[in-house]
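In what comes next, chain A is part of two complexes: it sits with chain B in the first one and with chain C in the second one.
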Partner chain A sequence: MSEAPVLLVEDDPADVRLIQRAFGKLDKNVPMIRLTNGDDAVAYLSGLAPYDNRGAYPIPSVVLLDIKLPRRSGFEVLEWVRRQQSALKRLPIVILSSSRHSVDINRAFDLGANSYLAKPESISQLDELASQFQAYWLGLNEPPDLHGEPWTGRPPGIHHV
Partner chain B sequence: MVLSDRGFAGVKSHDVFRLMVDSVVDYAIFVLDPTGVVVSWNLGAERLKGYKPKEIIGKHFSIFYTPADLANDKPGHEIRGAAELGRFEDEGWRVRKDGSRFWANVILTRILDEHGTLIGFGKITRDLTDRHQSEFRYRLLVEGVVDYAIYSMDVHGNVGSWNLGAERMKRYKADEIEGKHFSIFYTEEDRKKGLPERILRTAVETGHFEGEGWRVRKDGSRFWASVVVTPLRDDVGNLYGFSKVTRDISERKALQDAIQQHADELELRVQEREQSNAELEAFAYSVSHDLRAPLRAIGGFAEALRQDYDSHLDDGGRDYLKEIVAAVARMNTLVQDLLDYGRVSRIDISLGPVNLLEAVNDAVRQLGDERRGSLRVDVAPDLRVQAQQQVLTQMIFNLLSNAFKFHSRNSAPEVRLSAQPKNGAVRLTVRDNGIGIAPQHQQRIWQVFERLHDRESYPGTGIGLAIVHRAVERMQGNRGVESEVGKGSTFWVELPRAPENSKETNHE
Partner chain C sequence: MSEKRLATILLVEDEASDADLICRGFAKAKVVNPIVHLRNGDDALAYLEGVGQYADRAKFPLPAFILLDLKLPGMKGLELLQWKRTRREVRRIPVVVLTSDRESATMDAAYDLGANSYLVKPGTRLRSSALWKQFSVTGLILTSRPSLLLVPRLNTRTQSQVGSFPDAGTGAHQTSRLPRPCRRAAAEKDLPNSNTLKMD
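Moving on, here comes the complex of A and B:
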């Protein structure tokens, strides 16, 4: 199986281009799938049409999620993911927002965000962000199993029948 | 009564009895023949009515009655009643020999012989004038009360007595309403709900009913009544009716309603204000988010152009790009300053004791290292002001930024921040060695977007001191500036000093 992509949920095309440019400058290619609204993000993660082909639309390794999105906000997407009964609820989610409001930051963490990044003012900072993101989330971080069963509270391997 | 045949002291028993009756003075005891003619007369009767036995024996007893009673044949009615029922009791006015009246309690008892033939009547009369007078005065009192409707009801709730207050309040005359059920005073809805019956039941069960509600006058108009119903019981506890006292408190009710309405309106306005505050909050949020997104794009692509296509540009092109990037930075600052200004104006400020030095230190941390090096702080660690930590810090930061910004080109900036208690306040002073402000400009500088210098000399948005002005205003303080061109400026703000022993708040 090819490497799981980063799912970028961002409605601002300018931001998308600048983000893609920054990731494009990295030494290693980072596969990225881009969606423009919260509804699409939920449909994608659920594997609903038109995203029902997991070969073409695999479960991402990390989601880069904007807060202010059309139809369904980043918060709502985040809430939806954490509410899932399947292992999908473990999906690492990194908020990427222009808001530095503590209200937004706190709410994101309350809802289970794994990280919160503010959109940088300059593209050199954005380059730095892309590089650090890759190093940490796609390198250092140990990814969870997003396909197995969610933890039931029992130690693994010991099943009483 | 059974009398012994022996009697005593040799006197025959029926004579003893006669002597006793004769000598009773507190009761008039006399005998009438079947037609009502007086046949015996005791001492009590003589005293009470003023007739000697010889004056009255042989006369008809109707002589004791008032003309009004005679017109109604009351004496005949009483005799017939007693003849029929064996006993007749009455209370009413009777007339003495001299024409004066007294209030009498009268018991007329039928006397039959051993064959059951009517041979006459015994009559016992008591003078109850005194008791009647006090009852009468009481009744007059009740009847005369005009501010309260006071009336009595029988056990079923039918109206008995009816005072003037009741007449005025409910518009019924006594003779119109007597005998009618009191539910007539209630609204249709209350009657349907069985309220009148429930009131009587409650009064009986708990000994009392008290309540407020709409009542209906004879003309159908309504008034808001305060009502007390009390059950009336006789000596042995048998219920024989109710008393009801009603007060028209429509005015009080109207006043209460008006107050309630005002309170509701106030509540609504508070809600509206909270709502408009929330809308402003949402507005500020979208300003910070949406206004900055295109800015980030402009700045980002300008820089990308410079990085990715540098070889395609000459110096003129690179210069234009620099202008774009600088304008974006300025716009970013402007948006940030406007947001700060809006927040200071809008934020719910709850004032509490704040340690001044801590706020100063917070503000100083936000200054760059270079500026920090040229700042002297002289604030006692125990000074506390009534303020809001966040707003106070922002205000101090803006004062310091301002002091550093307008320094003279010929000398290094030196800024001194100090604080002194002054009466019930604390005066915070920021002194710089900068370019100073001409007297004619010293008021303008506090206004938003006011700038005294071109952007190239002193960049800025013209919002910094406006934030200070607004912050001081919101924290119920004062502010001012003393300055001379070329000799630097001294900005000061005064904030109320926090009371001793008060607990520090506002730390977030």
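Moving on, here comes the complex of A and C:
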């Protein structure tokens, strides 16, 4: 089975080009699927047509999600994912936005974003971001099981008296 | 506003040797933020709640993020996560779980309870070097381009003091000596800006 891709949801073609170029420079190839709006992201994650072939459109390992998107915003996508009853709800989502406003940052964390990265202003910073993103979110971080049952009970090993 | 204070990192870890390695890892990664080290879940809850000996938010500011062991004396890490998400004022503080527990049930429970990230401590064999490396990376992603990782602000009166991570390249904070030791909050009378503490 091939490696789960990173799902990039970004509408700005110039940003996409820069992000893909930065990830392309990494030693290890990071498969990336790119979508341009929030509705497509939800359709993809739901496995709805035209994304109904999980072989071609697998569940991503991490989502890199812009906030300002056409149709459904990044916040709405995030909210939708966390509302799911399936294990999909624990999908790691990293916001990548040009907004540094605390109202956006707070909202993202309140809605359950795993991390919030500001879009860099230089190529070298973007290269560094890509390399650190890969090292952390595709390496160091232990990913959740996205295919299993959602956890509903008490934390394992904990007994309330 | 007067001088911005560096955001605090809260480390909840009962193993002294692990805590020491973690702090050294952060220091190696040039993380200059104050690290408050608590050794059990009950203390962490009291700290986040701002009660008891931690009632003074000026001395014990809410952390920018929490590094949480799961196996703790008293309240367990997962219970702390469960409690934390019911508290509006601390709910959005990001939590990085750091544990030796590789059970997928535990991992999934941690994510479902709102953990932002889950890291597994390396085994004992290569412990020191591997953990050190892990934390260099963790530290790097958190601080080498601090302006790129943004942490939520907290709706408390001390908000402006908590601040965000300062720019790594500039600023007076960079002049402070590295490595910086962890502070054990319970043992310290005066936590913030205690640059005078010596290593170990």
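Following the convention adopted for this analysis, the second predicted complex is superposed on the first by the 153 of 161 C-alpha atoms of A that agree within 3 Å, B and C clash if a C-alpha of one lies under 4 Å from a C-alpha of the other, contacts with A are read in each partner's own complex, and residues count from 1 in each chain.
Everything below uses one rule, namely that a residue touches a chain if its C-beta (ideal position, glycine included) is under 8 Å from a C-beta of that chain, and two chains touch if they have at least 3 such contacts.
Every value quoted in this text rests on a predicted model; they were computed, and no experiment measured them.
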Touching A:12, do we find chain B (first), chain C (second), both, or neither? first
For A:68, using the defined touch cut-off, is the partner it touches chain B, chain C, both, or neither? Pick first, second, both or neither. first
Once chain A of both complexes is superposed, is A:141 in touch with chain B (first), chain C (second), both, or neither? second
Name the contact category of A:98: first (chain B only), second (chain C only), both, or neither. first
Just to be sure I read the superposition right, which of the two partners does A:116 touch: chain B = first, chain C = second, or both, or neither? second
Applying the document's definition of touch, where does A:90 land relative to chain B and chain C: first, second, both, or neither? second
For the three-chain arrangement built by superposition, which of chain B and chain C touches the greater number of chain A residues? C
Now for A:21: first (chain B), second (chain C), both, or neither, which partner does it touch? first
Of all residues in chain C, those that touch chain A in their complex: 76, 78-79, 81-82, 91-92, 94, 102-109, 111-114, 116-120, 134, 137-138, 140-141, 144-145, 147-153
Contact set on chain A toward chain C in their complex: 87, 89-90, 92, 100, 102, 105-106, 108-110, 112-118, 120, 125, 128-129, 132-133, 135-136, 139-142, 144-145, 148, 150-151, 155-158
For chain B, which residues are in contact with chain A within the complex? 285, 288-290, 292-294, 296-297, 299-301, 303-304, 307, 332
Chain A to chain B touching residues, read off their complex: 12, 14-15, 18, 21, 68, 98-99, 101, 119, 121-124, 126
